[in-house]
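Structures incoming, each one as structure tokens.
In the two assemblies presented below, chain A is common to both, partnered first by chain B and then by chain C.
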Partner chain A sequence: MTDTLQLQSEAAARPKPAIPLPTSVARAATAAGAVITAASAFLSWTYSSQFPGDLTVSGYPGGLQWITFAGGLLTLLYTLVGYRVPVLRLLAPGGPEGTTVLLAVGSAVTTWFTLIAISVELGGLANLTGGGWVAGVGSLVAVVGALALPRDGEQTQDAKLRVLLYAGKRPELPPTQPESPWVEVPVVLVTLAVALGIFSYGIDTAYAELFGGFLILTGFTAWALNRSGDFTRLAALMQRNRTTAAVGAFVAAGLFPFTQQGGNAEANANLGVSILIFAATALGLNIVVGLAGLLDLGYVAFLGVGAYTAALVSGAAGAAFHVQFPFWAAALLGAAVSGVFGVLLGAPTLRVRGDYLAIVTLGFGEIFRIVVQNLDGTSGPNVTNGAIGISNVPDLNIFGFDFGSPHSLGWFTIGRFANYFELMLLFTAIIVLVFARSTNSRIGRAWIAIREDETAATAMGINGFRFKLLAFALGATLAGLAGTVFVHVNYSVVPDTFQFAGPTPPNSAFLLAAVVIGGMGTVTGPLVGASLFFLLQAKLSFLHDYQLLLFGLTLILFMRFRPEGIIPNRRRQLEFHEAETAEA
Partner chain B sequence: MTETTTATTAEAPTPGTPLLQASNVVMRFGGLTAVNDVSLTVNTGEIIGLIGPNGAGKTTFFNCLTGLYVPTEGTVTYQGQALPPKPHKVTQAGMARTFQNIRLFHNMTVLENVLVGRHTRTKEGLISAILRGPGYRREEAESRAKAMEYLDFVGLAKKAETLARNLPYGEQRKLEIARAMASEPGLLLLDEPTAGMNPQETRATEELVFAIRDRGIAVLVIEHDMRFIFNLCDRVAVLVQGSKLVEGDAATVQGDERVVAAYLGTPVEGGADSTTPEENQ
Partner chain C sequence: MHELPQNLVNGLLLGATYGLIAVGYTIVYGIVQLINFAHGEIFMTGAFGALSVYLGLGSGTSMWITIPLMILGAIVTSTVIAVLTERLAYRPLRNAPRLAPLITAIGVSITLQQLVWGFYPSAKSPRVFPSLPGGPYHIGSILIQSSDIFVLVAAVLSTLFLAYFVRSTRTGRAMQATAQDPDTAKLMGINTDRVIVIAFALGAAFAGIAGVAWGLRYGEIKFDMGFLTGLYAFTAAVLGGIGNIYGAMLGGLVLGLVQNLTAIYIADIPGMSQFSSQSWSSVWAFVILILVLMVRPQGLLGERVADRA
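Coming up: the complex of A and B.
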């Protein structure tokens, strides 16, 4: 009797697969579908080479076929995990079946996205050749097989989201023991190399269809790897090998320009350096928002202060002062002036809390832009050249190294934007170091205490106003530092760049979104969030005005499904970790 | 239970020099006089109790002492110096407090909470935090050692890496005390430290307060638990409707008819345990 009851409750807790098939058949179908999908990338998919990427060639994949190929291989990999292949079993601590479902669906969506794109652009399904149909059918077979696999992970009975939660939630994973450094360090390095590869590929996607396919597969893969528990394991691994991971990440980032050697090299490097500037600024904002808990809606003004300061002392023809400072002096001056502005703006505004602070900072951000716009010689003294801005900012020349011209390094050519990329990477490293060290110190603890409970913090002897002002000033200084590079990369600076909200980053709203979506209070969060945001904005520019709609939609979805951001704060991780140990 | 208590009380250091002197403190909110002409002296090595019915102005008086409120009239001096009306300066001067409704930094670990308490006793700034010189490392290590010592003192050393929010209620109270003690105060102000605790926990808190006193820290405690307060305190002051009704040792206060009428209702043998939170926080 009890047994039956238990069986029943077991059955109720673990829902049946969507398609009733024996497990062995299901697994075989998934594997076969995945193999067919991957193999189909070597066939020709269409008759006409008019579709970008030329999918007419049999023998090797091209363009979007690479995405399908990768999707098929990933599905196959996790199907093999389901077969309990010895070494691969380590891959999915949170259960392979749900992961396989997500990957199979992901590669099918990418494949069908390609097929539909071909049909729409070339006019009709007739444009698909046999290879295309093989790909489409193969990917669907994999999905059917995956949907017949037994369901693992934590299943919830949430009626509204049943479809989204079909793959189950990642179960809480028991903490692992560290492996030897001979295993861990190579894993860290390989992860970083893969990340660099994916990022370089994504940034190099030359046409919107390719970026769309890339985005779909990356999104599903990220979901799948989160579901499989691999991300959790990797995060723990990175945490254990923090120094190696941090240094390795910067080396990997430094290698990025070397991966961009084709015709788009300069454009991609420009995108790379813009991302870095945006990310570094977001990290500065993270001190203010993520650590001290002060909602600043006018933060981009400090990037502007740094940029204008550097422009004014750069020796540009349009600048009011005809002086040319060496760059180190200009950078320090830009950071310092920005910091002073931070104090000047903070001193009056930080006396209000919460929503009021947000409104006041929003106002000050706009005041900066309008003041700069009016210091044009007619409305006021000519300092910033008004709406025209300061243009023809000369390229940097540090120790005889001319940032304006390409340099050859063995087989590689490092162009103008790539030079600035490496410079900005150095600045980003400094900003990361400042952020990481100040977080984990007496000062950082005081900021977090203020964020958590200001009354209790002052009762512990923390001078609330002073520390909030310090956070404000430090955030402003870091943004100013980023601004000094910003102006040299872009040749010019105009007031309209520094708006509260606009279709292109950097603006205050995007910066805040990058911090919140990336993960407040973390180092990597804003970096990842900023990269994602900037890349999306740059690659989806064909959407024009709909971009802002998409931006809003992304924000809503994130706040609904992952309010802690892409990279959750260490404290939140600890929270999860404690749930694990409590259960064990 | 009574034996241990009397034994500890007998060993208590004789009341020494005045530490905290509040004279004629008046706090008005518009037309409402929450605290009316209250004077109180706390000497070194003393445990002073502050009792009174709900809304009597106990927490308001506390807030006047700790700089959260600026008293309308009257002065508060600590070790002969007038206290500046800023909470962080009061802590700096050597008075630390806990809150009636626990106010921990919930998303920080237990250890970090205590480290925040060390704030006034450390001085490394932003630049040294970024440069991480030997001085910074030494101070940080020292701070951690001290913090662990305080956690050990209240019995939370094993939970140093737990998030404060995940502690059970009684331990959150202990952590608040450890955090306050980390600022190395001469006087500790406890606002209803046993609110919501069961008798065992109350008993443990009692022992903890004695142990704090034995470290040379004077304690001023607000409580509703009569047994707790009369076991613990060298002197007890009774506040009723903002005014101090009577002050004296446990026997005097318990014997005072006005107190019985205004507050206790029945003699103390009944053990009037009221844990209703006040609303004037």
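Coming up: the complex of A and C.
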């Protein structure tokens, strides 16, 4: 009697795999499936070279086949971890099974995504050759095998959670002893190099199908690595080597233009610098929204103030003032003017409790656009040249370095946009520094206190109004700073750029989404969110008509299911899931 | 010289429309402390619902049948959409930090706008809305269109109905109780979830009527007309004192007057002649909002509410 009870409880504790197969068979099937998937990338998948990337060649992978290849190899790697290969154990501190499932599913999804894309675009399954079918079947075998693997992690009765738990939450790992710096620093550097490689590859994807496949596999891999505990370990490692990681990240980002040397170099560098501007602005917004908890819905207007200020003193032909400031002066002026606007707007509204700020900033964003549009000489005095905007903003020239023309550095050529990329990187570094320093200071703690409970914070002697105004003005200043570069990169500035919501970034809604979906209150969150958003809208242009719709739905779904964002701030995460943890 | 009475009337009519929409903001805010950004879009969908009814009826039908059916169509459309968004988007976030529902509201607003833009037949450009026959009527020097009469009647009737509903019905008193203290209201046996749904539905119904009024007055409706109009209506709600239903109406009227009068009389201030055109009126509305927040943050009719923890 007791024996059966015990057996039952054991069975309950150890969750059953989704597909009942002997473990050895399951592992073998997963490994075989992964190998077949990876190998199939070397076969021809279709008869016609009409499909982008030319998948007709046997002998080496091309286009989307590279994605499948990578997916197969990763699945194989984590299957081998399951075989308890000695060194590889280190790769999955949280257990390899859930990771393998995710990777197998990820490579199957990308593979089938490719096959379906071929069939749809070329008209019918008949366009697939044997190689394509091998890839499809192989990836499915791996999924079936992975689903039959013994499962790690705890069981839950909640059907809703069960699906999520299959992939699992990030495992709680015991803290590890620091390794010697001779081990840790290279790991940091290799991680950064891999990140740079993935990012450069993603930007360089030439067509929407390739980007789609890339995105699917990257997403699943990130999920898988989170499940395996690798991210937990890496995060701890990065935290220990904070300075190395930060400096290394900026060096890696600075090397990005050097990875883009082909025919698309300028276009990709342009993408890169636009992402940086967008991300830096989002980071500024993160001070306002993420740290101080003030909802700013017209943030892009501050970018606009900076951009217009810089354009007006740039000596552009269309500008009302015929002066040309040196760039450092223009940048400081742009930031200062933007900051003044922030104070002017914040002073009356921040005294009032409640959500008025949201609506006032939303109004300000709209009004800024309307005012700039009206200052055209007919509806008002001519300052900004109205809807036509200020064009022909000259390229920068700092200490004799001409940003407008390409420069050669050894074997590498650094084009116009790449020059601006490096400049903007410097500005981003400044913004990151401001963000990081203020977070860990008295000011940052005051902001967080106000965000959590303003009454309590005031009782502790924090002057709520002053700190809120500081956050608001600081955010405005940083956006203005980014705006000064923005106008030079784009040659011109027009009022329509600064909308609340539009199909192209930067606009206030996208900025807010980058912060919220990336992760409020973190440095990496908005950077990741901004890159993701910008790349998505730039690469998936065929979705153009539905982009905003998808965007709106994404906001709703994220708030419902993961309000803390992709990269959560620990404190925020607990706050958002207060109810669940309280019940448990 | 400009005709002051005519401008006053125009301002009041515009204001009445704002007031109808502002009621929705104020009821919902009063009960759940949420700025429902999507309310402007609810107003817009109401107008499109009315247009669908009109198109479905065909041109032969008498105006006396068409108009009530259109109003009904608008009310049904906007109410259904508002209740659905409350159910699916806002309710799961009832106890989340207040930033979460605000961001959801933005998402809902964009989604609704894009749904209409993408899937309503040829809504990518403005759609022509039917106009009321008859008129214009002259009252002294004032010129009034028949659509203006509709706005006037709709606004007065709606306000009277709302006043009766909130004061004299059980549900209305339940709403007041929930607004004052949701927890105690719940202890007194009030189904607060139901009250919240009713608040959303009521506000949406008014927005639907406003949508019809808007279409009749301006002759065309657009997928993005809810955004700026919603912003003004919210300004009106704040102006009147958010949470106060009569305040919303009053705020709407004041805002409508300000927008209409500034568009004309600012030119008379020396040196300001260039700032008077219609394109600046939204700027003045916004300036008014900031001024009110500085001088009387609780709004014209609002009472200073103690901060609810």
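Things to note:
Just so it is clear, the second predicted complex is superposed on the first by the 549 of 584 C-alpha atoms of A that agree within 3 Å, B and C clash if a C-alpha of one lies under 4 Å from a C-alpha of the other, contacts with A are read in each partner's own complex, and residues count from 1 in each chain.
FYI, contacts are C-beta pairs under 8 Å (C-beta built on N, C-alpha and C of every residue); 3 or more make two chains touch, one makes a residue touch a chain.
Predicted model, so just to flag it, every value in this text is computed and none were measured.
Because the two structures share chain A, they can be overlaid on it, and in that overlay chain B and chain C fit beside each other without clashing. Using the contact criterion defined above for the overlaid structures, shared-chain residue A:L474 touches chain B, although it does not reach chain C.
Shared-chain residue A:L553: touches chain C; no touch with chain B. Of the two partner chains placed by superposition, only chain B is touched by A:R437; chain C is not.
Contacts of A:I462 after superposition on the shared chain: chain B is touched, whereas chain C is not. One of chain B and chain C touches more residues of chain A, and that partner is C. Vertex at the C-alpha centre of chain A, arms toward the centres of chain B and chain C: the angle is 70 degrees, rounded to a multiple of 10. Within the superposed three-chain model, A:R445 lies in touch with chain B and out of touch with chain C [touch as defined at top]. When the two structures are aligned on the shared chain, A:I359 is found in touch with chain C, with no touch to chain B. In the superposition on chain A, A:L423 makes contact with neither chain B nor chain C. Within the superposed three-chain model, A:L333 lies out of touch with both chain B and chain C [touch as defined at top]. Applying the stated contact rule after C-alpha superposition, one finds that A:I370 touches chain C and leaves chain B untouched. Between chain B and chain C, the minimal CA-CA distance in the chain A superposition rounds to 10 Å.
Overlaid on A, the two complexes show chain B and chain C touching the same residues of chain A, namely 453, 455, 575.
By the touch criterion given at the top, residues 66, 68, 86-88, 91-92, 96-97, 99, 103-109, 112, 115-120, 122, 124-126, 129-130, 132, 136, 140, 143, 161-163, 165-166, 179-180, 183 of chain B touch chain A in their complex. If you check the complex, the residues on chain A that touch chain C are 289, 293, 295, 297, 345, 348-349, 351-356, 358-360, 362-364, 366-367, 370-371, 373-374, 379-381, 453, 455, 500-501, 509, 512, 516, 520, 545-546, 548-549, 551-556, 559-560, 563, 575-576, 579. By the touch criterion given at the top, residues 33, 35, 89, 92-93, 95-104, 106-115, 118, 227-228, 231, 234-235, 238, 274-275, 277, 279-280, 282-283, 286, 289-290, 293-294, 297, 307, 309 of chain C touch chain A in their complex. Across the complex, chain A meets chain B through its residues 433-434, 437-438, 441-446, 448-449, 452-453, 455-464, 470, 474, 571, 574-575, 578.
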